[in-house]
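The structures considered in this document are given below.
Next, two complexes with chain A in common: one pairs it with chain B, the other with chain C.
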Partner chain A sequence: MSERLHEATRGPVSRVQIARYAGAVNDFNPVHVDEEFAKRAGLPSVIAHGPLTVALALDAVVEQLGPAALRSAQARLSAPVFPGDELTVVPTDDGVEVRKADGTPVATVALARDGA
Partner chain B sequence: MREDAKGTTLIEDELSVSTATLQAMDKAIGTPSAGDTATLVPYFGAVIGGESTVVDGLGLDLSRALLAGIGYEWHRAFVPDERVRVRVVVEDVYTKGANQFGIVVAEFADLDGAPVQRQSITFIERGGSR
Partner chain C sequence: MPDESYVGRQLPPTEPYQVGREKIREFATAIGDDSAVCHDLAAARAAGHPDLVAPPTFSVSFTMPQIEAFLRDPDFGWDYSRMVHGDQSITLHRPIHGGDELVTTIHVDDLRTRAGSHMLTLRCEVADNAGEPVLTTKTLLVTQAASA
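Moving on, here comes the complex of A and B:
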């Protein structure tokens, strides 16, 4: 039987973290790193990379199950994550959902794991 | 987005999953478990073949494009400094309502051909291209 996940928090996401992620994956799309560009695009500020949000969600799972337990993850991104957002990673029937402090879902991640 | 991009191989290449790359990912995630997580989630979408390969290959209009989803299928974690083969393919391009969707798949295998992981990235391009 597979181990149950429990709720976890990640963040608050910071501008430094977004910049570090940009460097790690070499994705310097200005919407992530250029405040003025992001504002001209109608956003309140730069946004986190979607894969960073997914990585934080998976990290909350890896922390509990270890990296070898996961077989697959299918993540759907539904809302942007901004600097200062604190994320809650909430277990669901088939994986986890990532929510902001006000409850807004930003990503759902369906997981398949060993023995599940 | 180019409907005719479906089935196109964008890149076939060999690359190193460097310790530095994994450490940078570890630091960006920034938690005690991040070192383990980093071996699962390197994201090469923008890296492989240069930043514009996927964008140009799909014909993405970045002013209307968003990342809608990411999938991972893991056979095992990446090992620091291993060399892997990667093949990036446009799996599908389709229209749903006013939006276009493009799915790009990156398959990683070791140098003997054993699969390591498969990443799929779904882009959505909102309305307007008719």
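Moving on, here comes the complex of A and C:
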């Protein structure tokens, strides 16, 4: 399916978007919304919810394939996403990889679509 | 220390969650999805959908609170405040639409402790009010094992 997908960008992820997503999914874990808590936990800042990264990747996919074509997605998260990160959604052999601007992979997503 | 005896258990099904149009719009806006089928009822119907179409990961908006309720149960013994998300998968048997009434059954598939972290795999089986499967999610949740 990779030949049907093209590279797309999402972000930069902002604290406002992280807060908005926290509200949408009712996940106010302080590591996502409380800067002081995140720093005490040893992080440079709050981090995006992992499912937000996956949502952004799949949004780039369904934007290209249509809203009902996606059958399954298996995501592996490999690095945290911080406010300010710009994400590139790059097609791979079996899905997409999400990378930061410096090339750091943050998620790999294997995809299956209707009829595949 | 999370209670390993939960592995293999299935929790009681939730009360039905009614998928609201405004919730679909709110979720779509949060992830920056401005597609017409998520926001505009007439456009969704013109495209052959019965109602607004939810983005693929919309189910997080009701399964995560259901999961959180379980994880905050002191009987299970999970440190929710330090939890992060690991691998996750979703299988969509059909798209979620506005007006769907969805029942979730959480299955505790796996729990292991490795390199100072507890790693929990929960599976959510989501069905509509006719009992037809709508989607299956698997979520790996990680929290630090208690230190010192």
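Just so we're on the same page, the second predicted complex is superposed on the first by the 113 of 116 C-alpha atoms of A that agree within 3 Å, B and C clash if a C-alpha of one lies under 4 Å from a C-alpha of the other, contacts with A are read in each partner's own complex, and residues count from 1 in each chain.
Definition applied: a residue touches a chain if its C-beta (ideal position, glycine included) is under 8 Å from a C-beta of that chain, and two chains touch if they have at least 3 such contacts.
Keep in mind that this is a model prediction, so the values were computed, not measured.
Participant: Clash or fit: chain B against chain C, after overlaying the two structures on chain A?
Facilitator: clash
Participant: In the overlaid three-chain picture, which partner chain does A:L56 touch, first (chain B) or second (chain C), both, or neither?
Facilitator: In the superposition, A:L56 touches chain B and chain C alike.
Participant: Answer with first, second, both or neither: which of chain B and chain C does A:V106 touch in the superposed model?
Facilitator: After superposing on A, A:V106 lies clear of both chain B and chain C.
Participant: If we overlay the two complexes on their shared chain A, which of chain B and chain C does A:D27 touch? Say first, second, both or neither.
Facilitator: Touch status of A:D27: both partners.
Participant: Between chain B (first) and chain C (second), which does A:A38 come into contact with in this model arrangement: first, second, both, or neither?
Facilitator: neither
Participant: Have a look at where A:V90 lands relative to chain B and chain C in the superposition and call it first, second, both or neither.
Facilitator: In the superposition, A:V90 touches no partner, neither chain B nor chain C.
Participant: For A:V81, decide between first (touching chain B), second (touching chain C), both and neither.
Facilitator: neither
Participant: Touching chain B in one complex and chain C in the other: list those residues of chain A.
Facilitator: On chain A, the overlap between the chain B and chain C contacts is residues 10, 17, 20-21, 23-27, 29, 49-52, 54-56, 58-59, 62-63, 67-68, 70-77.
Participant: Can you list the residues on chain A that touch chain C in the complex?
Facilitator: 10, 17, 20-21, 23-27, 29-31, 41, 47, 49-52, 54-56, 58-59, 61-63, 67-68, 70-77, 80
Participant: Per the contact definition, I'd like the list of chain B residues that touch chain A in the complex.
Facilitator: Touch list, chain B to chain A: 21, 24-25, 27-34, 36-37, 39-47, 51, 62, 66-74, 77.
Participant: For chain C, which residues are in contact with chain A within the complex?
Facilitator: Listed in rising order, the residues are 23, 26-27, 29-33, 35, 37-38, 47, 49, 53, 55-57, 60-61, 64-65, 68, 80-92, 94-95.
Participant: Can you tell me which positions in chain A touch chain B when the two form their complex?
Facilitator: 10, 17, 20-21, 23-29, 49-52, 54-56, 58-59, 62-63, 66-68, 70-77
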